[in-house]
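In the two complexes below, chain A is the common chain; its partner is chain B in one and chain C in the other.
And now, the complex of A and B:
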């Protein structure tokens, strides 16, 4: 068998996936892209033709570009929070020997992924509502007199989105930390470095690939998330995903929604590619 | 420090969940010596090393280094060097930074760090590689960096955990010479853990042979090879043929038809002896027996190993005796092939007495190694004649 035919046989293995993705992801995406360039009539219905006006609106109206900026900052904040919160959990998980306890801990970590985002988000709504658990504890303990407006607040959005996306940071971090050669820690210790120094000089630098992977996954997901911030923060929360949802469900301006979606997609792709690429280059320089 | 050695290990025990992995009476390591801990996997040698390094907490006993009890100290306060089988270099640091790691921890000045890094790298002939990353080096070079890194902190003792086992055969021999040269030059005490008897014998001042968590024998390489204290040592080092039987009226040991002349054995007693494969000669089956010792048998297996032949001979009583015959080249004196009847012969001086007046086959197991050594060396005052 020649090398070429072998390569084509390899392609055969991924053919079902290619067909699936083309039909159900790529084709709709291209249609959405075409829609974003269609002019609209007085009732916002798409017409045949070509216009850049929707992208013009997205880039000039603060309602849209402000949302993009806000989304970008929120996604960065959530990614940072997720990595910070995930690190200790992943460290604990990776440090345990394989066994029942580790399996149980790992299932607990990924269990949020087993329930729907909507269900988990309603959990937050229940917790944060006017007479929810959080408010009752705060009022009951005398910390505040009146129930606080927790829902529809920005902190509530950040907290709930962080919670929803946390497993996506824990999983790659656990893999990265679990793959570290334990002898490196021992080497560091015999050379006189205590646990803290060993952690900072050996564990953290060598777990950076996991940190970057986790941060990028969480960032990309946070850029597009809308159900959780919509339910917790309300439709006025200025996130791009909610703005798209709003354009589709209440304004019925599909082309603008499509243009905003693509602007969001491009920003996400650009920032993840740049960050990932920069890290790859840095890594290559570091390890030689 | 009268009588006290450099490293003193007493009554050291270690284990998990009731299983005792290590049960050491006493081990004294001299300053500046190269001591090998030799044993099969699972014998406790790595646990012993980890106890000394501080990674395994012993369940009992104590470890004293230069008069200080370090048993309760964490690894980073012991000031020991450790070299790993897989090198364990920090991949994100240059060779120089790896070597400087322990010095920076000690907050030495920049100039002194640079000087000592240079010194350590010169010692392992890698001064030109200071700026490289570990991944850009070969296995042998990486291990030399690891040795330089461990020595840069001027450790009281350098512990080496199977450091040559990941290298190929040729490199392993070269590294052996290099390691010994370094040790001679700087005089650091080295404790070398290995399962490779050839490594242990060729490198060490002394060898501690371990089995089942205990030290079976501690002695110079030629002592443990020529005068093994126990059956285990005889078989583990040099794969000796161990024969057990009753001493005849003529003073010969009869191990199932194999007659061994061993001089001072008491008739009627049971004894255990060992004969090295390279000390056994193969004679024609028809050759007359001069002193009545030896055994007849049939060659069952013959293999050429370059410098020697490995031959297995099955005796009439069903024993298999391994014989090693040096190759003389040219094929003139090659040993006979499978199926040939032969006579096994040896000189009485090559018979190692492992146990006289043996009560049960494992009678000397776990006894004091020094005593066992005396017994084997025929110097035991109360084990001797009738």
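And now, the complex of A and C:
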């Protein structure tokens, strides 16, 4: 088989995926981009023509740009929290030899992904509501007199979103930590480094690809999330995803929703590229 | 290289995720070229089930037509209708509240009605009919109307509230649920505040006064429900003791065992109407009009109204005592309702929601 034949055969393998993504992802994305430039009538119906006014609104009205900024900060916070919480769990999982216990632990970690995000989120609603478990414990133990306002608060949104996205950080971290060569740990300790120093100077740097991958996935997911914050924080939570949802479902202004979606997409792309680029620079410095 | 791969993977993930941000909707079920099939929308949940029993089943039985029911809500139907551009629409008969019907009529997506073809047209409430009449043409027929009043927890609030201003009482501070303006009860409540001193939504001074009133609730709101499920959860869980909401939902909640009460405010409730329309370009417009005839018949509307606890559009219905005792209805009642002026509210909604967010966000 010639090299060219092999190449064509390789292309044939990915053709269904390319056709699928082009038809169901790229074409709608281009249509959405086109929609974001269409002017609207008094009732927000898209009209033929070209305008930059929707992007102007997104970038100048605090209702929209404030939501983009708030979303960015929230996504960064959630990504950091997810990595911090995922690391010990992934370390424990990666350190176990393959067997029943490791399988059980892994299933526990990924089990949230097996249920609907709405069901998982309603779990938080039940826990944090006025007569929910958390408030009952706080009132019952005498720590507070009246049930606290836990739902519709920003901390509740951050906690619930972190919970929903945590498996996306644990999985790549477990893979990265599981692939480490244990001879390097032994070498480090043989050369006089203690467990803490070995962890900080050997384990952490070598697991950094997993950390960055996990953080990127969680960050990207958190940038577009809206169901969980909508149910826990309410529609007043100023996240871009909720603003897009609002524009589509109640204001019926699809061009503004499209413009806001693209602004969100550009910010997400820039942020992930920057983080990926920074990691690449760090990697070059380390390995030359 | 690892870094590049990571960034590329992140980029692809970001693209995929961001693309999931907006659902512009598909084309949904197409209307059939077979004239014995009709595609009709209905709100999802028990409402839709009762709709099927009250209207669809008798219609199918009597005419031999197969009705394809599409469950959902305003937003997705309007999206799909807009996508069709008034040609070969995905539905023949569609349910809309006035916030969605006004933009749909303006875009030419709904067909004017020939009232002569509707047997029960003269029995329909003139006030409710006028809410689906635009530029002198009748487009829709009223199915039911809810009334926005005050829903409250009877175990927490001993003295029932009587008017809109009672929601500002300090006793309830910390236990008020307030729907945002982008959820119908929120805008309807805001409309009631605007109308308190005879104001109109088209008058900026009256709107400013209503926002000033709303400011009194700052720090007192325990939840901002944006759909009926959120309202039920907030009331049932005790997160909220009082909320502006619809009579039908409140009475249904009470029937289900929630300690909930409802009052029609003295200064007038706000109307929340559902009407049905025939879509522009429907291949089955004759059959669709016939379906509206079934939809407006007193014998079909009565069980639906009594099941949902919402007053029906047909004024000739003789309701059972339990319904009659609780639900305010009839032309004199509807005449006194405060109705949201969507011709003003729709273009202003974003701006008002921003102001609302500055208070509560």
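In this section, the second predicted complex is superposed on the first by the 286 of 288 C-alpha atoms of A that agree within 3 Å, B and C clash if a C-alpha of one lies under 4 Å from a C-alpha of the other, contacts with A are read in each partner's own complex, and residues count from 1 in each chain.
By our rule, a contact is a pair of C-beta atoms (placed from the backbone, for glycine too) under 8 Å apart; a residue touches a chain by one contact, two chains touch by 3 or more.
Only a predicted model underlies this, so the values are computations on that prediction, with no experimental measurement involved.
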Worksheet item: Mind checking chain B and chain C on superposed chain A, clash or fit?
Response: fit
Practice prompt. Would you mind checking which one, chain B or chain C, touches more residues on chain A?
Written response: C
Worksheet item: After lining up the shared chain so the two structures overlap, which partner does A:235 touch, if you call chain B first and chain C second: first, second, both or neither?
Response: second
Discussion item. If we overlay the two complexes on their shared chain A, which of chain B and chain C does A:202 touch? Say first, second, both or neither.
Written reply: first
Discussion item. Tell me the angle subtended at the Cα centre of chain A by the Cα centres of chain B and chain C, rounded to the nearest 10 °.
Written reply: 150
Worksheet item: Between chain B (first) and chain C (second), which does A:189 come into contact with in this model arrangement: first, second, both, or neither?
Response: first
Practice prompt. Kindly classify A:246 by the partners it touches after superposition: chain B alone (first), chain C alone (second), both, or neither?
Written response: second
Worksheet entry | First (chain B), second (chain C), both or neither touched by A:258 | second
Discussion item. I want to verify one number: the closest Cα approach of chain B to chain C after the superposition, in Å.
Written reply: 14
Discussion item. Under the stated contact criterion, what part of chain A meets chain B in this complex?
Written reply: 181, 183-184, 186-194, 197-198, 201-202, 205-206, 286-288
Fill in: Parts of chain B lying in touch with chain A, wherever the complex brings them together
53-55, 74-82, 84, 86, 88-92, 101-102, 105-106, 132-133, 135-136, 146, 149-150, 153
Worksheet, complete the sentence: Counting only contacts in the complex, chain C reaches chain A at residues 2-4, 6-11, 13-24, 73-75, 78-79, 82, 99-100, 102-103, 106-107, 174, 180, 182-183, 222-226, 230, 233, 237-240, 346-347, 349-350, 353-354, 357, 360-361
Worksheet item: Mind pulling up the chain A residues that touch chain C in the complex?
Response: 25, 28-29, 31-32, 35, 41-46, 61-63, 125, 129-132, 146-147, 149, 151-152, 209, 212-213, 216-217, 219-221, 223-224, 226, 230-231, 234-236, 238, 241, 244, 246-254, 256-258, 261, 264-265, 268-269, 272-273, 275-277, 279-284
